[in-house]
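Here it is, the structure, as C-alpha cells.
Going by the order they are written in, the chains are A, B, C, D and E; count residues from 1 in each one.
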Amino acid sequence: MITSALRRELRILVRAKGSVINPLAFLLLSTMLFVIAAPALVDEASNRPSTLAAGILWTLVLLTQLLALDSMYRRDFDSGVLEQTLLNAQVPFVAVLIRILMQWLSTGFIIALCSPLLGIALGIAPKALLITLFSMLLGTPALSLLGSIGASVTVGFNRGGIILALLVLPLFLPTLIFGADMINAAQLGGSIMPQVYALGLISLISLAIAPFATLAGLRISLEMQ
Amino acid sequence: MVSEALKRLWHKLGSPRWFFALTTPWVTGLGCAALILLLWGTVWGLAFAPADYQQGNSFRIMYVHVPAAMLAQSLYIGMGVAGFVGLVWRMKLADVAISASLPLGMLVTALALFSGSVWGAPTWGSWWEWDGRTVSTLVLFFLYVGIFALREAILDSTLRARASALIAMVGTINIPIIKYSVEWWNTLHQPASFSLTEKPAMPSEMWLPLLVMALGFYCFAAFVVLLRMRAEILQREMHARWVMQWITERRVA
Amino acid sequence: MLTLNALSCERDGQALFVPLNLAVESGDFIELMGANGAGKSTLLRTLAGLHSQYLGQYQADAFLYQGHRLGLDGLLSPLENLAWFAGLEGQEIQRDALLDALATTGVLGKAFAPCNTLSAGQQRRAAMARWLVSDKVLWLLDEPLTALDTDAQTLLRSILAEHCAKGGAVVCATHSPIDVAGKVTVTLQAHDELLQQGEAH
Amino acid sequence: MITSALRRELRILVRAKGSVINPLAFLLLSTMLFVIAAPALVDEASNRPSTLAAGILWTLVLLTQLLALDSMYRRDFDSGVLEQTLLNAQVPFVAVLIRILMQWLSTGFIIALCSPLLGIALGIAPKALLITLFSMLLGTPALSLLGSIGASVTVGFNRGGIILALLVLPLFLPTLIFGADMINAAQLGGSIMPQVYALGLISLISLAIAPFATLAGLRISLEMQ
Amino acid sequence: MLTLNALSCERDGQALFVPLNLAVESGDFIELMGANGAGKSTLLRTLAGLHSQYLGQYQADAFLYQGHRLGLDGLLSPLENLAWFAGLEGQEIQRDALLDALATTGVLGKAFAPCNTLSAGQQRRAAMARWLVSDKVLWLLDEPLTALDTDAQTLLRSILAEHCAKGGAVVCATHSPIDVAGKVTVTLQAHDELLQQGEAH
C-alpha cells in the first residue's frame, strides 16, 4: 500500500511540476517584493547583523506554506479520490501521513534547501546561513502537519483559502518565533540549543496530533457533500 | 452498580431536556449573583479603593481589564473541553455549549484588548505595545475568530458541531505552546520596562475589589452562557413535546 | 452480507424515508429506486460510512462504493489510477490484469491518457474497470448507468450479473431498471409523502 | 441585467460572509506575524519615521489580495455559472466589470478603510495615516483589476493559487512601489502629487485593459474543459 | 436555425468524428447519439462557442446550452438562480412565473433551499426550470436524462415536445432514446472507427 501510494504521489508531483516549483517561485518573488518595497531593510543589514531579516524570511515561508496548503486535499476531494482513500486504504492513517510527508517534501523541504540563498538576499549574516537551513528543516514539518489539520476541515468549502489562514496562522506562531529566534541567536553568536529543542518539540507534538486530527477533519468534510 | 449509575448519569447529562430542567433554578441565582457582585465590585473599585501612587486613577481600568483577560482564556479552555466531550462522546450539548460561549468569548477578548489599550495610553504612552501578554491575547482573539468563521461556513448543524469541536480542541492543545513561546519571545526581545509578569504588590484594598469583580465576571459569563444554551436548546428542540409543554406552562403562569 | 434494521437516514434532523428493513445475502442484486430526493444517494453514503446521521442500525461486510464522484485522479491515466487503487486495498498489482480490466470495459485505447481528457462515459468505464480488479464482495453503486452508451450499458449488466453469480452482492441506486436475473427492487418512499397520506408517525 | 447581477453578488456576499471578513482577518494576522517575527521594526520606528513600515504594509496588502483573487472565479467556473454568464449575458463585459467591482469592494475597499489601524500597528507616522488610506483607495483598484486577469487565466487549473501569484505579482509591482512611496513621502513631509498621478494612472490603465483581458482569459479557461 | 456544414470537431489536432452536415429548422428535434467518446459533448460545446477547434462551418441562432455543469450557484436557492438567469438575459423578472416554472419541474418544495443541498436529480430539475423561463428558441442539451427519475423523464419529454411544437428546436445528446414525435436521430461516427473500416480520408 505504501509503495503504490508513494508512486502515485511522485507521479502527480512530476505531472504537476508546478507543485514543486511554484511555492519556491512565490517565496522568491515575495522576498523580492519586500526588498524592493523596503530597501532600507537591506541597507541597514549591511552595517550590522539584521534581526529583521530572519523574521521576514520566516514570515514569508509561513505565508508560502499557507498558499500551498489550500490545495493540499482539494484535488483529491473534488475527484472523489479522497473518499476512496478513506474507504479502501488498509490503514487510512498511513495514507494521510504519506500525503503530509509529500506536501512537506514539495514545499517545506525545498524551501529549506533554498533558504540560505534567500538569507543572503535579505542580509542574514553569512555565519548564520547554515543555521537558517537547519531551522527551516526543523520547523517546516510542524507547518505541514498543523496546516494539514486546517486544510482537512476547510477542503469542503469553496472559499476555504482564507478561513484556512485564520485557523492555521495562530498555530504557526510558535514555530515562527523560535525559528526566527534561532537564526538571530546564530547571528549574534549565542547558543541555539533552546530553540532547537523547542522547534523539535513543536514538530513532534504536531506529528502526534496532526494525522488523527486530519483524519477526523477529512471525515467531516466528506460528510458535507 | 456504581458504573451503571455513572453511565446513567452520563447519559442523562447528554440530554438537552434534562439539562434544561436542571438549570432552570440556576438562571436567576447566577443572574442575581452576577448583578450584585458586579455592582459591589464596581462601586468599591471605582469609588472606595485608594488611588495608585504611581498611576493615579487610571489603574481602575484594572477592574475591567484583568477579569476580562482571565475570562477570555477560561472561556476558550471551556470550549476546548466541550469540544473534546463532543467529539469523543458525540454529545449534542457540547456543541450547544460551544455555540453559546463563542460570541461571549470573542466579546470578552475584545474587551480585554480594548481595556488594555486604553490603559496603555496613559501608562505606556502608546495604545499598543508588542509584549507577551498582548500578543497571546491577540492570538486568542484570532483563534476565536477562526472558529467563528468556520461555524459560519458550515450549514449542516451536525457537521458544524464536529468541525468546531475538532478545531477548538486542537487550539486548546496549542494554547500552552503559544503562550509559552510568546512569553519566551518577549523576554528575549523586549526590555522589561513594562513587564506585566511580576505581580504588582497591591494593598488588599486594591485587590479585594478585583477579586469581587473577577467573581462577578465569571458569574455573569456563566449566566450568559447558560441563558444562551437554554435558548439554543429550545430552538433546536422546537418540535419536541416537552418544549411545547414548557411554553404552555409559562403562558399559563 | 448487509443487514438494515429499521434504517432511516436523516438530513438536518429530518428523516428522509420510511425506515427500511433489508437483508442482503450473497448473490442478491438490489435495485434501489425512488423519486428524486428520496434519499438513495444518502442511503448509499450511509452504508459506506460517509454519512453519520441516521436512525436504526445497519451492518455491512467489506464493500466497494461508487458515488457520483468517480475517484479517478485527473492527472493520472486510467491504468495508473487502477494500479493505485489496487495498491490501496493491499492487492498484488499485475499490470496485465489491470490492462485486461480496462480492455473489458472498452477504454484500453485511453489507458495511458490522463483521465481529465476522457469523455464522461470513458471516465465511467475506467471507474468500472476498478470494480473488476477489486476483491470486495458487496458493491454499493450510485446510478452506474450515467453517461454510458448502449454497449457499455449491456456490459454493465453482464458485469453485475456475473458478480452476483460469483457470490457477490450489489446494491444499486438507479432510475432506469437494470435487467439482472433475480433482482429485488426496493423503492424508497419519501417520509413527507407518507405524512401527506395521513399516516403520520 | 445590472440589477439582477448586483443582487446575486450581494446575496452571495451575505451568504458567504467570510468573503468580506476573511481577507481583513488575514491582513491583520499577517501584520501581527510580521511584527512578532521582526520586533526590531517597531522599535526602530518609534525613534524616527519608518520607511520600512509603508513597504511592509503594501506588500502584505498585495499578498492578501492575491489570496482572495484565487477564489474570484473558481466557484462560478466549477458550477458552470461562468459559462452561462458568458453565453447568456446581454453584455458579458458588464458582467465581468460587476464581478471585479464586487471583488474590490469586498477586499481592497475594506482593507483601505482599515489601513490606518494597521499603519499604527506598524509604526507609520500619525500624520501619514490619512495618506495611507488615500494611497490604498487609489492603488487597490488596480490590484483587483490586474488580478482579475490572472485569476481568469488560471481558474481552470487545480493548483491555480501559486501560478496566479507568479502571473500577477509582477503586474502588482508598480502599484506597490508608488503606493509605498506615497506613504513615505507623506511621512517625510514631501509632496505626494507625483505618486497620486502615478497610482491614478495605473488604476485607469488597468480599468481600460482588465475587463477585456479577463473576458479573453475566461474564454480560454472555459475551453480547457 | 442551425446549420452544420461539414463540421468536425478536433481535439489535439485530431478530428473526432466524420464531418457532419445538418440543417435544423424550427420544430426539429435532433437526437445526437454515438459511442462514448464519439464527440457529442465536444460538438455541443462547439455549437455553443465554447470549443474553437473544428473543421468546417456552422451557424446558429440564439441558443440555450446545458452542459454537464448545471450553472446553478450552490449558495443560492433555485428561485434566486432562476431570477439571476432571467436577469442575465435581460428579461423582466416575474417571481410568480419563476415559481411556476419550479412547480412544473417539481422542485417548488426546494425553491428556497441552497442548491448545494439539493439531490442530483433535484438540481437537474431546477436547471430544467431555467429552460422554461428562457426565450431562446434553440436548445443544446447534453444528456438531459441524467439523474432524472421516471416522472421527471416523462416531464422532460413533454417539455421538449412542447418546445418543438411551439416552433423551437432541440439538439440533444443522449444515450437512451427520447420519444418525441418526428425526431431525427443523428449518430456520430468516431473518426478512428472509420479508419478501421479502411475508408481512410
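The rule is short, and it goes like this: contacts are C-beta pairs under 8 Å (C-beta built on N, C-alpha and C of every residue); 3 or more make two chains touch, one makes a residue touch a chain.
Only a predicted model underlies this, so the values are computations on that prediction, with no experimental measurement involved.
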item	value
Number of steps on the shortest touching-chain route linking subunit C and subunit D	2
Which two chains share the largest set of C-beta contact pairs	A-D
Greatest separation from subunit A - chain, by CA centre	E
Most widely separated chain from subunit D, with each centre as the mean of CA atoms	C
Cα-centroid distance, subunit A relative to subunit D, in whole angstrom	24
For subunit A paired with subunit B, centre-to-centre distance based on mean C-alpha positions, whole Å	32
Length of the line joining the C-alpha centres of subunit B and subunit E, rounded to whole Å	56
Approximate Å spacing (C-alpha centroids) for the pair subunit A, subunit E	45
Shared-contact residues (touching 2 or more other chains) in subunit D	16, 18, 22, 25, 29, 36, 39-40, 75, 78, 158
Contacts with 2+ other chains: residues of subunit E	68, 74-75, 114, 117
Contacts with two or more other chains, residues of subunit B listed in rising order	139, 142, 145, 149, 153, 156, 158, 182, 185
Residues of subunit C touching subunit A in the complex	45, 48-52, 64-65, 67-76, 80, 83-90, 93, 114
Subunit B residues within the subunit A interface of the complex	87, 139, 142-143, 145-146, 149-150, 153-154, 156, 158-159, 162-163, 166-167, 169-171, 173-174, 177-178, 180-182, 184-185, 188
Subunit C contact footprint on subunit B (complex, rising order)	156-158
In the complex, subunit D residues that touch subunit B	16-18, 21-22, 25, 28-29, 32, 35-36, 39-40, 42, 120-121
Residue ranges of subunit B touching subunit D (in the complex, touch as defined)	127-128, 130, 135, 138-139, 142, 145, 149, 152-153, 182, 185, 189-190
